[in-house]
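As C-alpha cells, the structure follows; a few thoughts come after it.
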Amino acid sequence: MPTPAMPSPMLWQPLLERALEEDVGPGDLTSELVVAAERTGQAIVEARETLVVCGLPLVEAVFHRVDPSLEIRREPGAADGLQAKADQPLLRVRGRYRSILTAERTALNFLGRLCGVATQTRRLVDQVADLKVDLVDTRKTTPGWRALEKYAVAVGGGVNHRTGLYDGVLVKDNHIAAAGGLDAAIEAVLGRAPAGIPVQIEVESEEMAARAVELGCDFLLLDNLPPAAIRRIVERFAPDVRLEASGGSGPQNLREYAETGVARISMGALTHSVRCADVALEVALLPKAEEASP
Amino acid sequence: MPTPAMPSPMLWQPLLERALEEDVGPGDLTSELVVAAERTGQAIVEARETLVVCGLPLVEAVFHRVDPSLEIRREPGAADGLQAKADQPLLRVRGRYRSILTAERTALNFLGRLCGVATQTRRLVDQVADLKVDLVDTRKTTPGWRALEKYAVAVGGGVNHRTGLYDGVLVKDNHIAAAGGLDAAIEAVLGRAPAGIPVQIEVESEEMAARAVELGCDFLLLDNLPPAAIRRIVERFAPDVRLEASGGSGPQNLREYAETGVARISMGALTHSVRCADVALEVALLPKAEEASP
Amino acid sequence: MPTPAMPSPMLWQPLLERALEEDVGPGDLTSELVVAAERTGQAIVEARETLVVCGLPLVEAVFHRVDPSLEIRREPGAADGLQAKADQPLLRVRGRYRSILTAERTALNFLGRLCGVATQTRRLVDQVADLKVDLVDTRKTTPGWRALEKYAVAVGGGVNHRTGLYDGVLVKDNHIAAAGGLDAAIEAVLGRAPAGIPVQIEVESEEMAARAVELGCDFLLLDNLPPAAIRRIVERFAPDVRLEASGGSGPQNLREYAETGVARISMGALTHSVRCADVALEVALLPKAEEASP
Amino acid sequence: MPTPAMPSPMLWQPLLERALEEDVGPGDLTSELVVAAERTGQAIVEARETLVVCGLPLVEAVFHRVDPSLEIRREPGAADGLQAKADQPLLRVRGRYRSILTAERTALNFLGRLCGVATQTRRLVDQVADLKVDLVDTRKTTPGWRALEKYAVAVGGGVNHRTGLYDGVLVKDNHIAAAGGLDAAIEAVLGRAPAGIPVQIEVESEEMAARAVELGCDFLLLDNLPPAAIRRIVERFAPDVRLEASGGSGPQNLREYAETGVARISMGALTHSVRCADVALEVALLPKAEEASP
Amino acid sequence: MPTPAMPSPMLWQPLLERALEEDVGPGDLTSELVVAAERTGQAIVEARETLVVCGLPLVEAVFHRVDPSLEIRREPGAADGLQAKADQPLLRVRGRYRSILTAERTALNFLGRLCGVATQTRRLVDQVADLKVDLVDTRKTTPGWRALEKYAVAVGGGVNHRTGLYDGVLVKDNHIAAAGGLDAAIEAVLGRAPAGIPVQIEVESEEMAARAVELGCDFLLLDNLPPAAIRRIVERFAPDVRLEASGGSGPQNLREYAETGVARISMGALTHSVRCADVALEVALLPKAEEASP
Amino acid sequence: MPTPAMPSPMLWQPLLERALEEDVGPGDLTSELVVAAERTGQAIVEARETLVVCGLPLVEAVFHRVDPSLEIRREPGAADGLQAKADQPLLRVRGRYRSILTAERTALNFLGRLCGVATQTRRLVDQVADLKVDLVDTRKTTPGWRALEKYAVAVGGGVNHRTGLYDGVLVKDNHIAAAGGLDAAIEAVLGRAPAGIPVQIEVESEEMAARAVELGCDFLLLDNLPPAAIRRIVERFAPDVRLEASGGSGPQNLREYAETGVARISMGALTHSVRCADVALEVALLPKAEEASP
C-alpha cells in the first residue's frame, strides 16, 4: 500500500499558525529568562509505544516555523506510514536550544494526535485484513482538522469518504422526509448531481434498498442494520451495487460486520474519541565547544 | 460553583469559520438538490447520555452563522455546566430546513467534543470532591482548541494552568540543564519574571524541592514522583509552598495521588484522548401550513 | 487592587500585525540605507510625564515581532498598573540598531494610547475614591481596540461593562419601543436570557424604574437623569437593585453624580476622545567593541 | 479644494470586520430577545454639533455588512468634506429594526472618530488659511487606523506625509548617529533611495541645515526649533529648499509657527489625542402597515 | 481520461473572497441605485468560442457567495473537462437580478482564465496525442493561483509536476554549483529526501546525464538541449531513467521535441502568458409575474 | 509623465504571503538538502528582452520576506516605469544562497507578469501617442490582482477606470432593462450617486447617446460601435461630454478607433491574456573568503 499524499500545506498551515499563536503567542517567557540565547542543542522526536507514524511533515513545519535556522533530519526510513516501536527515534533537530524548547509542545500535540488516528485505524484494518472490506471515515472529525484527520485515516490504511457536504451526495432520512418520500428524493439526485460527484442513498431496510436499486441507485448506505440484515442485502445486490454499513459497528464488533461481505464499513470512531499516541522529544544541550554559530 | 465565563468569541470565531469552510465549503449539494428552498423545520439538540453540557454558545453560533434567520431558543435551564440526562433537550432551532441540515454536523462536532472534556473532568473532580485538591489542565490540548478545551475543563470543575508559554513561567529539567543547575535557573527567574506572572519550578526529588524552597520558590511542580514521596514533600512544605503533582497520575489512580494532600494535580489526559460525548439533533419538518415566511 | 489580567494575545496579535504592516510594510527604507546591518544599540522606553503604565506586554511584543533576537528587559518594578513619573525608565531593549528604530513608532503608538486611557481612568477613580462607586466603561471604544481599551480601563481602576452585544443584555429605549412598552420588553428578557448573562434595563424616570423593579428587574441603567432624580431612586431601591448612572456625567461633574450614592457610573469618555500619554524611546548606539554578535 | 479619494476598501474592510466581530460577535442578544424579527424601522445618522463630515462610506459599509437588505440613502449633499451643523441629517437607513440596532454603535464609533480628526484639522487649517503653509500629519496614528486617519486629515484640508517607513526616507538624529555624522548619513541616501521616494533630512540648527543644503538636500525637517530660528532658515533657503517645522508647535501656537513662512508644519496632534465628534442615530419604528417585506 | 479532482475549496476560497472584496467591496453602487431590490432574473453562463470548460465549481461558488438564495443549475452534461462550442450554455442562475449583476464579472474572470489554461493545454496535448509523451507544467504560475492553474492543466490533459518547493526535489545548476559539483549534489539528495518525494536532477549534456545515472539517478531534467541531443539520451537511458525535456520547446516546436521519444516535456507557457477564453453571461429579467419571492 | 504611486503594500502583501505559502510552504527541500546553510551568494535580477519595468518593490518585498537579512540594492536608475533593454541588470541581492534560491521563482513570477502588463500598455499607448486619447483599463483583471494590474497599466502610461463596483457608477444594458428604460435608469443615478463618484452611461447608438445627453449625462460609454458611428458622436457631443469607446477595439485596430477623436478607449486586453515579460535571476556563489557572516 503506497503512503497517501500529504495534504497540501495550504490546508494545514493556518492551523499550525494558530497553534503556535495560542501556545507561544508573544513569547516563551521561561526559555527567554533561563536559556542563554546562544546555547544550542539537539532533540530527537521519538515514539514511546508501538504506533503508526503520521504527521512528520507537520513536526518539521512547526520547528521550521519557530526557527528557520534549525537543522532538521529524519532518521533513515522515518516516514508517515512507518510502524515504529517504543523508543524508536524518528527525527533529529539541531540548533538554538531556546527554539527547540519553544516548539516542543506544539509539535508533539500535532504528532500525538495524528499518530493516534493512524494507529487506531491500522489496528482495525488489520482485524479484517483477510476480508475484502474498506474501513471508511465520516464527517465526525475535530473541527479545523478535517484534512489532517482524513489523511491520518488513509495513512492507517482506511479509505476516505467524501470530504464534506460539497463533494459527495448522501441522501439521509431527513432529506427523504423533506422530499416527500424515497422515490422523490432519488429522482432529485440521480442524474442531477454535478458530473463526478458520487451519489449515495441511506436506507434502513431491505425493502428500501430494493426500491432504491430499482430506481437506479448503485451506492447505498445501510444505516443501523444488524449483521444478518446486511448479509441478506449483500447477497441480493452486491457486487452490482456498492454497499456501505454504518452506525452499528464499532471497534468491538467490527469483524462481525465485516464478515457480512459488505464492501465498506464507515465508523465515526475512526476520528472522534481517539487516544493520542505517546510520542516525546528527548532534548540535549550541545557542549559549548560544539555549538554552531547561530 | 459559578459557571466560568465563555471565552471571548474572538478566540473561537476563526475556528468556527474554518470548520464550516471545511465541511460546507461552496455548498451542501444534497440539501440543495433534495430539499425545496422554502421548506421549514424544527430541530432539537439533545443529550444522548448523561453528560455535563458544554459548548451551547458555539452551537448557537454555528446555526447563526449558517443562516442568521434561524430562530434559536434554549430549553429552560439549559446552559453550560448543566448535568443533562439521556434524551434531555437542550436547544430548539426553527427555520429553513436546508440550513438546519447544513449546520448539523459542525454544530454537533463542537458540542460533542466540549461536552466530552467537561464530562470527563467532572467525573474526575467528583472522585476527589471530599479532598481539597484542584484538578489542573496542561498544554496538551488539541492544536487550535486551547481556549475552548481549557474552558471545558473549567466547566467540568477543573482549574486552568497557564494558557501558554507567554503567561506563566515553568522551569523544567531542560531549562535547568541549560542554566547550568537548579540554583542558576531559579536565580534567572525569581524576581525577574514580569509582575503578575506565576513562577513554578519542576523538581524531581525531595532534595530538589528543599533547595528550591530554600532559594525562595513558593510554587513547585512535583514531576513523576510516587504518592509516598509527594506526601513527604507536602508534609514538609505545605501550605506555605503551593505544590502540584504531575506525570504519574491518571484517571485510574487519581484518588491515590489526591490523598497525599497535594494542592493541585495536573493531567494531560483532561484534554487529550478524550471521548466525545453522545449528542444528537432531532429534526422534523414543519407542516407546510405552519411554515414561517423565510 | 490586583492588576487585571492582560487580555489573551490572540485578541490583540492581529492588530499588532496590522500595525506593523501599515507602518513598516515591505521595509524601513531609511534604516536600511543609513544604518549598517551589524550596528547594535540600546533603547530605553520611558515615561515623559506622570502616568499610569499600561501596555508593556504590547511594547515587548512589537519589538519581539520586528526582531526576535532583541533582548528586552523590564526595569525593576515596571509593570502595567504602576504609577510612573516623568523620565522614569520602564523597559530596556538591546540588539540590532536597525530593528530598534523600525519598531519604535509602532511600540510607542500602542503604549501612549493605552497609558492615556489608564491614566485618565485612574485620575477619575481617584476623584471619587472615598465613595463606593464603580467607574464603568461603555461600547464607545476605538474600532479594533475593544479588548485593549477595556483592559486599560481596568488597569486604571475602572470596571468593565459587557464586552459587546453578545455577553450582556441591555434593554434601551429603542428596544422598549419595538417591544410595545416596558412591560413587554421586560417580559421578553427576564428569565429568557442565557444563564450567566446579566440583564439590565434602561429607565428614564423614577416611575419607569419603579415599574421595572416591580416586574422583577434588579439591574437598571438610569439614562440621562439629573443627580437629584438619581438620588431619589437610589434611596428607594438600593442596594437591592443595582443602579448605574449614565449619560449626564463627564470628567467635570463626576463627583456630583458619585455623591448620589449610585453604585456605578458609566462614561463613554473613558475610552473615546482620550489624550495619549507622553512616552518616548531613548536610543543609543553601542560602541562597536561592545556589539553583541547578531 | 476637491475631496480626497476614499482609501481603497481593502485597506479598511478588515478593520470593519474586526470591529463588528468584537462588538456583535455571535449575536446581539438584546435585539434578538426583544425585537420581533419582522419589525422594520428607519434611522437617521446625524451630526450633533458643527463638524466636518468624514467616514460616510464606512457608515454605509457597516450597515451593509450587518444586513445587505437595508436601504441606505444619503441626504442631499451629504458627503465627506461637508461642514455639517448640529442636528443636520446625513444618511437615512431603512429596513429590519434589529439590524439597525445591531449596527448602530460600530457605525457611530467609526464616524465619530473620523469626523473628530477631520474637524480638528479643518479648524487648524482655517487658523492659517491666509498663509501659504501646509498642515502635515505624522506616523503618530492609532495602530490599525493609518489609512483612515490620514484620509480624515486630508478631508480636513491637511496634507499627508509619508504613509509609513516604506514610502519615504526621513533621516533623523538616531540615523545620523549610526551613520557616523550628517555627511555620511546624507551620502547614504541622496541618489540611493528608490526613484520617486522623497528624501528628507532632520536638522536641529541653522548650521546643520546649511550643511545639508550644501550637500544637495532640498527637503528638510526642522526639529524642535523656535519660530525665530525657523524664520532665519526660511529666509536663507526657501523656496529652493522645502522646509517643514516639527515638534514645537501644537494647536495653541500654530499661527506663530506658520508666520515664519515655513512651507509645512507637521503635528502628531492631528491624529493622536483627538476628541471624537458628536454624532448620533435617531431610530424610529415603522408602523406595521408600512413594513416592507424583509 | 477521467476528469481530475477539483482542488479542495480551502485552497481557493480565500482567493475567491479576495476577488469579491476587490471588485465589489462595500457594494455595487450601480445595481443598488438602478435595480429594484425585488426584481429577479435569469442568467446563462455560456462559451463564446470552442473551449475546454474549466472552473464551473468556482462560478457556482462566486454566485453562491454573493447571494446564497440564487438557484444555480448546470446544463445537462456541463462539467469541467467538457469540450464546449461557441454559444453553448453551461450554467443557469436564477434569482435576485441585483445579485446576478454583482457577481457577473468576478465569475467570468475566474472562468475565462481557467478555460484559457485548459484549452491551450488540450490543444497542445492533441498535437502529440499519437506519441507517448506527457505535457508537464512548471512553477511559472500566477502568484495566488498555483492550485487552480495546475488543476486547469490537468483538466486539459496535462500532467502536474511538483506543486512547489516542498513536495519534490529538483537539483538545478545553482544547487550543483553550491554543492561543489554534480557528484556532491547527487550524494546530498539520493536516499536523503523524505520518503515519497521524487528526486530529479537537471543536466545540461549527455555526459552529465551519464554521470547522474551512474550515481543512481533515475529521473532527469534535460535542460535546454536540442532535439538531437535529447534523442541520443533517450536512446541510451530510457525507459529505465525517466526523462523530461525542458526549456527549448514551446507551442511552436512541441512536436519536434515530442518525437525524440522523451517521456515528459515541461513548459512554463502552459500557465504563464495564457490567453483567457471567451466566456459570457447572458442575463434576462423575469417578468414580474414570474418573480419568485426572495 | 511621473511614475504612478505604488499601491499600498496592504493591498498586495496578502497576495505575496499566499504566493510564498503555495510555492515554498513548509520549506525548500532541495536547497535545504544541497546547499550548506552558511554559503552566501549574489543574484542579479535582469531583463531578458526590451520591456517596461514594473514590480521592483514586489521583488524586493519577496526577497525581504523570505530572508530579512538579504541585502538588496537597485541598479542606478532602476525603477518602475524605466524602459529596460535585454540583459540590463535591475536589482542586486546578496546574502544566504539558500534564501536567494528559495525566493527566486516567486519574485520572478510577480515581476514577469507586471512587466508584461506595463510593456504591452506602453506599446499601445505609443501607437497613439500623437492623438489625445487615453487608453483605459477595465474590470477584466486576474482575480486577486486588481490593484497590481491597474498599477501596471498606469506604469505603462494607461489610465485607470473605476477600481470596482464600489467607486464608480456605470449603467449598462442590463441595468437599463431592469430600470424599464434609459430615462428611468438615468433618473435613478443622476444626482443620486454619492458625491465624488463618476457616473457613466453605456449607449449603443447615436440616438441613445443624444437622449442621455439631453437628460444631463456628461460621461458616456460607447459600446461596440464602429469607428464611423463613434466619430459622429464625437463631432456632435465632444468635448462637453466625455466619451469612451469600448468593446470593438483591440491591439490590432486601436489606431483606427483612436482617430475618431474619442477621449478614451477602454480595453479588457490590457490586463487579461497578457504575455509575461522575460525576466531572470543570475545567481552566483560568493567565494567562501568573501562570505558575510550570516
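The letters A, B, C, D, E and F name the chains in turn, as written, and every chain counts its residues from 1.
Everything that follows uses one rule, which is that a contact is a pair of C-beta atoms (placed from the backbone, for glycine too) under 8 Å apart; a residue touches a chain by one contact, two chains touch by 3 or more.
Quick caveat: nothing in here was measured; it's all calculated off a predicted structure.
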Chain-contact steps, minimal, separating chain D from chain A: 2
Intersection of contact partners for chain B and chain D: C, E
Equivalent interface to B-D, taken from D-F, D-E or C-D so that over half of the residue contact pairs match: D-E
Pair of chains joined by more contacts [C-beta pairs], C-D or A-C: C-D
Cα-superposition angle relating the copies chain F and chain B, to nearest 5°: 180
Interface numbering overlap (same over half, different under half) for chain D and chain F: same
Chain C and chain E: spacing of chain centres that average the CA atoms, whole Å: 50
CA centroid of chain E to CA centroid of chain F, Å: 22
Euclidean distance of C-alpha centroids - chain B vs chain E, Å: 44
Interface hub residues of chain E, defined as touching at least two other chains: 8-10, 22, 25-27, 57, 147, 163, 166-167, 194
Pairs of chains, among all present, that meet the touch criterion: A-B, A-C, A-E, A-F, B-C, B-D, B-E, C-D, C-F, D-E, D-F, E-F
Touching residues on chain F, where the partner in the complex is chain C: 8-10, 13, 57, 60-61, 64-65, 69, 71, 293
Residues of chain D defined as touching chain F within the complex: 2-3, 5-11, 56-57, 74, 77-81, 147, 163, 166-167, 194-196
Chain D residues touching chain C - in the complex, by the definition given at the top: 14-16, 18-19, 22-31, 33-36, 39, 41, 97, 101-102, 105-106, 109-110, 112-113, 116, 139-147, 163-172, 174-179, 185, 188-189, 192-194, 197, 272-276, 283, 285
Residues on chain C engaged by chain F in the complex (per definition of touch): 21-22, 25-27, 37-38, 293-294
